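Note that chain A is present in both complexes that follow, paired respectively with chain B and with chain C.
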Partner chain A sequence: MNSFLSLFRRLEGPQTVGRGPAFWGAFAIVLLAALAYPLFSDGYTVGNTVYFFVWVFIALSLCLIWGYGGSLSFGQTAFFGIAGYGYGILTINFGSAYGFTLLALVLAVMIAALFAVLLGYFMFFGRIAGVFLGIVTLAVTLMLERFMAQTAGPEWHVGAARLNGFNGMSAMPPLTIPWPGEPIVLFADVGLYYLVLGLLVLVYLGLRILMNSSFGNVIVAIRENPERAEMLGYDVRKYQLITFVIGAALAGLSGVLYTVWGQYITPSSMGMTAAALPLIWVAVGGRSDLTSTVIGTLIVLAAFQALTIYGSQYALVFMGVLLVLTVLIAPNGLVLGVMNWLGRFASRFLQRAG
Partner chain B sequence: MDIATLAFSALYQFGDAFAFLVLSACGLAVIFGMMGVINLAHGEFIMCGAYVTAATVHAGLPLPLGILAGTLVSALVGVVVELAVIRHLYDRPLDTIVATWGLSLIATQGTLIMVGSTMAGVGTPFGSFQVGAYSYSIYRIVLFGAALGVLAALYALFNWTRFGVLARATIQVPHMAAALGVDTRLIYSLPFACGAGLAGLAGGLYAPTMTLVPTMGATFIMEAFVTVVIGGADVFLGTAPAGGVLAVVKSAMTSWQGQLFGQIGLLVAVIIVVRVLPKGISGFVLRERT
Partner chain C sequence: MSLLELRKLNKHFGGLHVTNGVNLTLEPGEIHCLIGPNGAGKSTLFRLILGEHHPGSGDILFAGENITALKSFARIHRGLSVKFQVPGVFKGLSVRQNLEIALQSRHRGAELDAEIGRLLAFLGLEAEQAQTAGNLSHGQKQWLEIGMAISLKPRLLLLDEPTAGMSPEETHMTGEMVQRLNADGMTVLAIEHDMAFVRQVARRVTVLHLGQVFAQGSIDEIVADERVAAIYLGQAHA
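== the complex of A and B ==
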């Protein structure tokens, strides 16, 4: 019981922005609003919101590896794609009876994590860091995209699942919860919304606890100065590998949920552009904090979609400009800057009032 | 097929792979070796060189002049990018990668909007010749010669010119070079233009052999990355031997299982090499020497 309570105490700490009743009050209000939201909206808009939420997981994974861990990985979309394809192959072969889709979700995420263990072992135990890490992960991602794009022929199949080359896989069953009477099928509207929202809150709070635990402190210490962390007796490689694998699992979760949401997955979800987008959300939001990453991702996604209505070609140029300007002007992220400013303002206001 | 034609075929494929790896990587390697920065817009500089070459050839210029124009325009764009963006990020190498990726997005998409989804190509010059049952393109041999030429020119530049000496001094001990009156900011900014120009040259040289699309840079960058990662920071001790080793892997895998497996072979080679030689071939060689 006592250790359980101390887990809750880790929800706030030096590695995450936001503490005290004001922050958690705001958190509760946002959560309540998110829970009530489907009551005031139509199925299509709710499905679209699920689409936004799906991407938050991959953004959080990048925030963990890049923002907290200090290793820039361009390979998150590779794990996204692997898990997405994994879910498709598993469910097309074994169907959706007996809640198998839920098991397939877990298995697909585990496949992505295993791949990350393999890749991460070679990278971190070879002690490559900095720019090389980014290049190797990017090369792996592009390679996977090229590989999947050429699997158009009928000889490329796993069991009953055709890989279908550039057009990608489709028609995998949606998530289905076994239920006495009739199983509940989670299509991309209210049902899936509550599931994804629940997962999102769990992952967000879980990562807050993880980052404020001693593990998180070591990760940040390694980011600040790997040699110092090593001298203090921590095996830097192990910590980096574990962070990388957790991040890969989150990116994989994102991939599975994306596949479930649209019931398709294509090789272009691992391409250059797809790999750049999470980077933009996280950089603009503020990579060194979980909350700003979530907020930044949702804002940039919404802006991107609004721009796409007027012309998707220009939207991408705008994203590129946004990324360059963020790096030049606000390297810590725009949303994080605003959040810190609000925090200072609030504390000054409280001091004057009290 | 007798042994001689088989050997020639293998040699030809090796030369082709070597030229592609070295030409696409040397611009990236110069920038990385001198500035410690990876230019993710490298592929877009290559695309720029190819487009300018094609445009000038369509305007009536002969191909060599077109390639020269492509090289110069890319180098000029490199100067502008360096002044506008890279200069402000010298002490933040990871941010430089992110920023150049933003530039890459802008360039690819901007080209798509302005020029359209394809551009009329340039015919491959020189024709072909016959050995045994197969015919070979003469231009591929010209490309191999060009790769060797670029390596030789870079060697001469860094070893025999005043700029090369100053540049190497600046890399080794920047403070000392600055104290001796070297304008280190200038020394740092020139390699970027130089690397961009080399990328443009690669684009110009390969423009007659491929379809010109805004995303053509992506065909080059994986090979370029792989070569630079394996080679390490030094162009001669790294890029050239890395190009040689990888060309063997690539041409062998390609003739065995096809193009895609050639690339997968490259990737696997890289992942194994970074585990064994984290600082690349040049790091290994330099450690042996000292």
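== the complex of A and C ==
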């Protein structure tokens, strides 16, 4: 019971912005609004919102590894793709009966995490750091993209699942919950929405607890000064690897949910553009804070989609401009800057009132 | 049994022989100062002891155990701790959090809070605890890092120029602190240029020159040694 309570205390702390009744009140209102929202909307719009939510997981993974851990991974999309393809291969081969799709989700995320253990081991225990980490991870994701793009021939298949080269894999079954009578199929509208929303809240709160724990303390300590952290007795490489694997699992979750959402996955999901975009969402939001990352990602995604509808490829140019502006105006992130300003304003207001 | 024993340590950086057959023994409970001109290999010797560099040949024994092949963090677990030359604090984090990170593996919950409070008081940084460590003055950063280093309750504390950039009063206070820690049983090995500090604390002094142990003895013996004065004036080869 006591340890349970201490977990709740860790929801707030020095590593996360937002504390006290004002923040959690706002959190509850946003959550209630999110829960009620499908009742007032149509299936297509709800499905589109799911699409936005799906990307938040990969953004959070980057926030963890880069913002908190200080290691810029340019290749979160590699884990996204591995898990997405993994889910496709598993479910096309074994179908969706007996709740297998849910197991496949977990398995696919685990495959991505396992790959991260391997890659991360060589990087961190080989003391690759800084810009080189970015280069290695980018090379890995581009290599995977190139590899998958050349698998168009019929000889490229895993069991019944054709890899299909640049066109990608499609027609994998959606998530299906076994239910007496008729199984519940979570198509990309209200059903999937509640599942993804639930996962999002779970991951967000879980990461808040993790980052405000002693583990999170060590992670930010390594970002600030790895030598000092080691000389306080922490095995820096081990902590970096664990963080990297957790991040990879989150990116993998993003990939599975994306695959489930559209029932397809293509090599371009691991390409250059796909790899660069999460960096922009996270940088614009505020990479060193979970809440800023979530808000920033959703805002930038919505803006990007609106721009794509009206301006097609110019939207990408806009993303570049946005990144440059962020780096110049608010290097720690636009959303984080606004949130800190609001925090200062609120405390000054309370002081004056009290 | 001696606490630290360096046996014929050698380290090359390319063609540069930075540590040249160094033998050094530290008895438990002593305060030992390491002096020598710039480039004598003092900081390199520290890095060898800490495992940041690995010697080309030779052995490092700590409390009788050969730790030459151990990783740095494992050496810290054995009872080593260090304050670096350039203050190595976590600049973006608060003073309190800096100490929390140092203390959290030994203490939890209310006990952790109490330990942090005690250390803040010891360092005289209570008023600054919410400040970002990067905003502290140079002297305060030095103190904070010393605080983090001693919070591990090490058996051997390595101090690389603990008083660099400090006023004479601060230097004296640091000396008193080192003596207090030593009275509690901590063995100290310090690199220091400030001879007032060395005189205040050290029982034995080792002079390093060109990677070799040049002289060893009490502070009075070292000061009286004309050869030592000569290397500080750059006449050793004359």
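Definition applied: the second predicted complex is superposed on the first by the 354 of 354 C-alpha atoms of A that agree within 3 Å, B and C clash if a C-alpha of one lies under 4 Å from a C-alpha of the other, contacts with A are read in each partner's own complex, and residues count from 1 in each chain.
Note that contacts are C-beta pairs under 8 Å (C-beta built on N, C-alpha and C of every residue); 3 or more make two chains touch, one makes a residue touch a chain.
These numbers come from a predicted model, not from an experiment.
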Examine A:Val131 and indicate which partner it touches, taking first as chain B and second as chain C; both and neither are also allowed. first
Counting residues of chain A touched by each partner, does chain B or chain C come out ahead? B
Between chain B and chain C, whom does A:Phe122 touch in the aligned arrangement: first, second, both, or neither? first
Taking the superposition as given, does A:Thr45 touch the first partner, chain B, the second, chain C, both, or neither? neither
Looking at A:Ser214, would you say it contacts chain B, chain C, both, or neither? Reply first, second, both or neither. second
According to the stated criteria, A:Asn167 is in contact with first (chain B), second (chain C), both, or neither; which is it? neither
Examine A:Leu316 and indicate which partner it touches, taking first as chain B and second as chain C; both and neither are also allowed. first
First, second, both or neither for A:Gly233, with chain B first and chain C second: second
Kindly list the residues of chain A that each of chain B and chain C touches, one partner per complex. none
Residues of chain B touching chain A in their complex? 32, 36-38, 85, 88-89, 92-95, 97-99, 101-106, 108-110, 112-113, 215, 218, 221-222, 225-226, 228-229, 260, 263-264, 267, 270-272, 274-276, 278
Name, in rising order, each residue of chain C that touches chain A in their complex. 50, 52, 71-73, 76-77, 81-82, 84, 88-94, 97, 100-102, 104-105, 109, 145, 148-149, 152
Which residues, counting only chain A, touch chain C once they are in their complex? 6, 14, 214, 217-218, 220-221, 223-225, 227-236
For a test of understanding, state which residues of chain A touch chain B in their complex under the given definition. 72, 119, 122-123, 125-128, 130-132, 134-136, 138-140, 142-143, 146-147, 150, 272-273, 276, 279-280, 283, 313-314, 316-317, 319-324, 327-328, 331
